[in-house]
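Two complexes come next, and they have one chain in common, chain A, joined by chain B in the first and chain C in the second.
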Partner chain A sequence: MTMNRRALLKGLGAVGVATATGGRAAVARSRRPVAEDAVGMLYDATRCIGCKTCMVACRRANHLPYEKPGHPWDDPVDLSGRTKTVIQRYRGREGQSYMKRQCLHCLDPACVSVCMIGAMHKSEGGIVAYDPDRCIGCRYCQVACPFNVPRFQWDSPTPKIVKCEMCRHLLARGRLPACCEVCPTGAVQFGKRKALLAEAKRRIARHPDRYVHKIYGESDAGGTQVLYLSSVPFEKLGLPHLGTESVPRLSETVQHGIYKGFIVPAALYVLIGAAVRRHHRQRSVDERKEET
Partner chain B sequence: MNPHAHALPEVTLPRSFRLLRILVGAGVVMMLWRFLAGLGATTALNDGYPWGLWIAFDVVTGTALACGGYAIAILVYVLNKGEYHPLVRPALVTSALGYTLAGLAIVLDVGRYWNLYKVLYVWRWNLNSVLLEVALCIMAYVVVLWIELSPAFLERWRRSPRRALRWISQKGDPLLQRALIWIIALGILLPTMHQSSLGSLLLIATHKLHPLWHTPLLPLLFLISCIAMGYAVVVFESALSSHLFHRRVEKRMLASLSSVMVGVLLVYLLVRFVDVAVRGQLGAAFRFDGYSVLFLVEVALFLAPALMLLSRRARTRSGSLFRAAMLMMLAGAWYRFDVYLIAFNPGRGWIYFPSVPELVISMSIVALEILGYVAIVRRFPILGGLASATGER
Partner chain C sequence: MSQARRRGAFDGSESGRLDRREFVKLCLMAAAAVGLPASAARKMVEAVDHGLKPSVIWLSFQECTGCTESLLRTSHPGLADLILDVISLDYHEALCAAAGEQAEAARRRAMEEHAGKYVCVIEGAIPTKDGGIYCQIGGRTALEIVEETARRAGAIIAIGSCASFGGVPSADPNPTEAKGAPQVLQDRRVVTIPGCPANPYTFLGVVLQFVTFGTLPALDERGRPLFAYRRTIHEDCPRRPHFDAGQFAETFGDEGHRKGYCLYKLGCKGPQTHAPCALKRFGEVGAWPIGVGHPCAGCTESHLAFRVPIHTMVKIEHPTPPSTFPPTTPEHGKVSPVATGIAGLVGGALLGAGFRWARKLDEEESSTEEVPS
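Right, the complex of A and B next:
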């Protein structure tokens, strides 16, 4: 259902672009518009004190097991099949900073683009959601994600993909994502993406000396719904330079270029069929001649 | 279709075949372990390298090596080179087995195999997913291959003592004759689609695959190289059959086939080189760091068989023909390993090297393929057209 709606929207979008550009056919796949209702998070690394309360709250809200069961304290250092968010610390020449790792909820996510039957899908508010019932466990989402966000339950014989879904089960009950709810300093906040983007710009304008003059996610990888502010260059914090093009754009352009509405394969099939038939007939005629 | 082909029940197998059976047994045990304990316990896969040996070798390289049926079908049915017809059936056997076992590898590799059938839920298809196209195409092609091969079974069953088999043969034959042309066409269309798409799969990994390998031409390069690999496998397979079944190799046919192979190889190299140059990666190609060496060895592996087979004398000597075919297969495999594993870098901190169960299972699948080939060739009319030289040794 959602797929149908998306396909329809995409089609309409393409028509819109085509008319706007005066009928010039768009060769590459058009950029997806940001949905009005897109929600998001703003993580301001300069406000984070590294208390990791968000990690505990996330684990509890999502019923995740401890990273190392049996240990006296829980101490995940990276995302995993048991951990959907993690606070990491950077210390270097550029100073020090914390970094909250989690799914960035891309506007045009690679994981959604590659997922065969929509286990990874854009859900309400643009949240990148996961439906294990549709998941085959092929792990193409892991190959595709430029942030290495989706993780796999390697130690289970019935594994699932694990990633932040912005606590959509809590949102449905009118609550906030667990990490945003518990953060004591407001370092991570939930809201409409538009409002968060405006807030981030305001903060940079008010304290130009405190921040790197860039909001990571505003347009990176085609834009993400989780936005980052920091005093340390983002690549030091593990947020790579990805450019402003969305990740699936190239592969979808090539794939749809080859398979334009399935016309090319259909035509190819007819051509091959015709060739095979002609040569097949010729050969049976030749064989009959030989026999007589 | 192929009145000269016949079964070879009298052939005895070398003792080394016992080793293959042991390998298959070990593989089955490992497979059971994988299903009981999960992928983490049995493989070296991790969140950075979610695809490992089973995908890179068994599926991607395995199906490319199973392109003999496809490559020969292009020659015989599209380009109308009827003289290669005797090569069709043996090539189809390797293809049918190769693709079927690649299917097995997929079942082993996916984490939630009980959901696999949902790929057929048309209303859920995500047409942006290259993998969906690959999955559907490969499934369909496995069926097509066995149908393409079925005349060999029906021929044999026509004289079977069992009534049921005779009945199948009687009813099946006319049905098949009517549909065969379109089945054959499908057998050419489907590999064209999914072999190129196996290259497209990695287009999404823009930031993980090294620029020497990441190019919009990935589908084209995969397609051309799989055809070259297909011809190489046909040469390899006929040399192997001649050894196992004491048959004389049809040298003239293989010699002219290998000149086709040279052409395909040169086209591949041209595309590869121009692509690297146009994308401004020549500097990276000759930087002589790890990736550059990897790339240069890969190109050399493609170039070597092409150069070897340029001389007409080499083409008619079965020894050098065999060696060139081996190199060709290695080149295609090397390219695929580069794209899927070695030049694929998910970021710092991730490493992958296949575990013992992964290796054993992959080897057992190859063993199963060889055993299956021999079993089919002995029981059904596959090999033929070649002058039998039984008892020469």
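Right, the complex of A and C next:
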């Protein structure tokens, strides 16, 4: 899907109008409801054996190049412009746990909120999708994501943002996300978010001694569609305390409020501009008169 | 199976025939060994009942008979059973009782009688220099014989690396300009079963499929049956966990070597070699090079075997993650929405300042331009 110039200008125009009017944003932006058809994934770290089959399958399914071509191993240590998922390990006082790093597909994603051109967008089933044909390469999404997920292809002449899109190209063909398809232990599973949430609760209820009594993503950062279960505190896995409000709900409220405050100076600016322009015109008319 | 029957196997006598029950068992075993369904065994029995034993003509050229030797060591089914009961081996220089003119006559007779239906197996490379005079049988060059025999064959199978792509005889400086069967028979489909020696069960699988269904298996772009050559040695190697853990034998006989570590640094070609050896080994005792501590030589790959020195390391074709783990990233600070708002403000101010500065530059430029005029 390419965006033509017209649509782009229209979009920018809308941004301008919204900015100028300040919208109704002075009131905190309302919470996004969870769509009925929201899909998701459940990663149960206690079931993960660290086999990394998911990493191999992800690379293959998404036609991603190897992390270090020519190297004997394919060993990304973190997400990157070549890697959409990586298995990490925590070992410490709290025990040991694997961690599958990938996009969490936030219900109300910061990456989508900051994307001025709609390249990062919520698509079918609430999947946070990326459209490289719209992307202008500003990398705001990278900065905005509270989980540091989107990555930029710094080494490409035609760089794109790289992040998990829940294998929507496979879902469209009636298949499962590659990582969920290959996982030998069912540590990462695909399904409707609602069902996965119920399943996660059931697991905690059945094995209260195995799990931290929390489902990360149920409401963290406004809720995510990829949910996590773990036996060690989630901060140890690199999933920070973010509160239950989504980042954009707060930042948009603040920013739109500020923009609304801009109306007075903006109007003043327009007035001054008009005066200067008039004066300037008058002067050139006078000059021309002098010349003749 | 008695030695007597084995000996009787090649003269075509009926003395060593199995009874029907044993024969059905043999067919079942053969089908199972090469991964054909049980129904294939029934079809085999039916085919033989109808007297439809396919005729096989086995040509030997620049070779060491290693492929024949490896085939002779199969026991599920044994070659003797195979030749006697399932196929009719009408010509094989190393195995046939006849010799000289008699043998050549047998070949020609089989070609006449089974024209368009017999299986032509080629073992060994074919020299092409000086009209192919460097390998002759009965005064005729290998080139002539292979062209004549392959022309009327129902299926052509090149067994071993020599027949598949030239193998040892074609190694530098290749004094006889030896070539593989696919290079000589360019207009024909040749099933290649490279390997030094070829895995006998791959060969049996192809022959039995042809016998039973009259079809050939799916092949890769070099004519190798995918059922056996789809994966690399490295993918199924029992030493693979050592590779993933970075545990290597550095020299022959060092501690790592004695502990059975990965042989990659000793030049193992497993990562680029497509072959089933790791799963289906040799000599009915599970022997294979990596098993006895020698790196894979890449014998099924025309770009490796007899071209890249045995102890030279190769690139990994499909790298996968090692068995080590990066740590979970440390917590990173919260992004406060106020900070985002302030950042937006600062960014806006900077943008505005930049714009004005650019305007100023423009003005300066135009004023300097005015000076000379």
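Remarks
Assume the second predicted complex is superposed on the first by the 231 of 292 C-alpha atoms of A that agree within 3 Å, B and C clash if a C-alpha of one lies under 4 Å from a C-alpha of the other, contacts with A are read in each partner's own complex, and residues count from 1 in each chain.
Rule of thumb we're sticking to: a residue touches a chain if its C-beta (ideal position, glycine included) is under 8 Å from a C-beta of that chain, and two chains touch if they have at least 3 such contacts.
Computed from a predicted model, the values in this text were never measured in an experiment.
In the superposed pair of complexes, A:229 makes contact with neither chain B nor chain C. In the superposition on chain A, A:167 makes contact with neither chain B nor chain C. Once the two complexes are overlaid on the shared chain, A:106 sits clear of chain B and of chain C alike. In the superposition on chain A, contact is made by A:136 with chain B only, not with chain C. In the superposition on chain A, A:66 makes contact with chain C only, not with chain B. Partner contacting the larger number of chain A residues, of chain B and chain C: B. Look at A:247: by the touch rule set out above, it reaches both chain B and chain C.
Applying the stated contact rule after C-alpha superposition, one finds that A:159 touches chain B and leaves chain C untouched. Looking at the shared chain after the overlay, A:237 reaches chain C, while chain B stays out of its contact range. Look at A:52: by the touch rule set out above, it reaches chain C but stays clear of chain B. Put simply, chain A uses residues 110, 144, 146, 148, 240, 242, 247, 250-251, 254-255, 258 to touch chain B in one complex and chain C in the other. Of all residues in chain B, those touching chain A in their complex are 35-41, 45-48, 50-51, 76-78, 80, 82, 109-113, 115-116, 118-119, 121, 123-133, 135, 180-182, 184-186, 188-189, 192-193, 196-197, 200-208, 216, 219, 346-347. Put simply, chain C touches chain A in their complex at residues 243-244, 264, 315-316, 319-322, 324-332, 334-335, 337-338, 340-341, 344-345.
Every residue of chain A that touches chain B in the complex is listed here, in rising order: 3, 7, 79-81, 110, 112-118, 132-140, 142-144, 146, 148, 150-160, 240, 242, 247-248, 250-252, 254-256, 258-259, 265, 268-269, 272-273, 275-277, 279-280, 282-283, 286. Chain A meets chain C in the complex at residues 50, 52, 55-56, 66, 70-78, 86-91, 98-99, 101, 110, 144, 146, 148, 235-238, 240-242, 247, 250-251, 253-255, 258.
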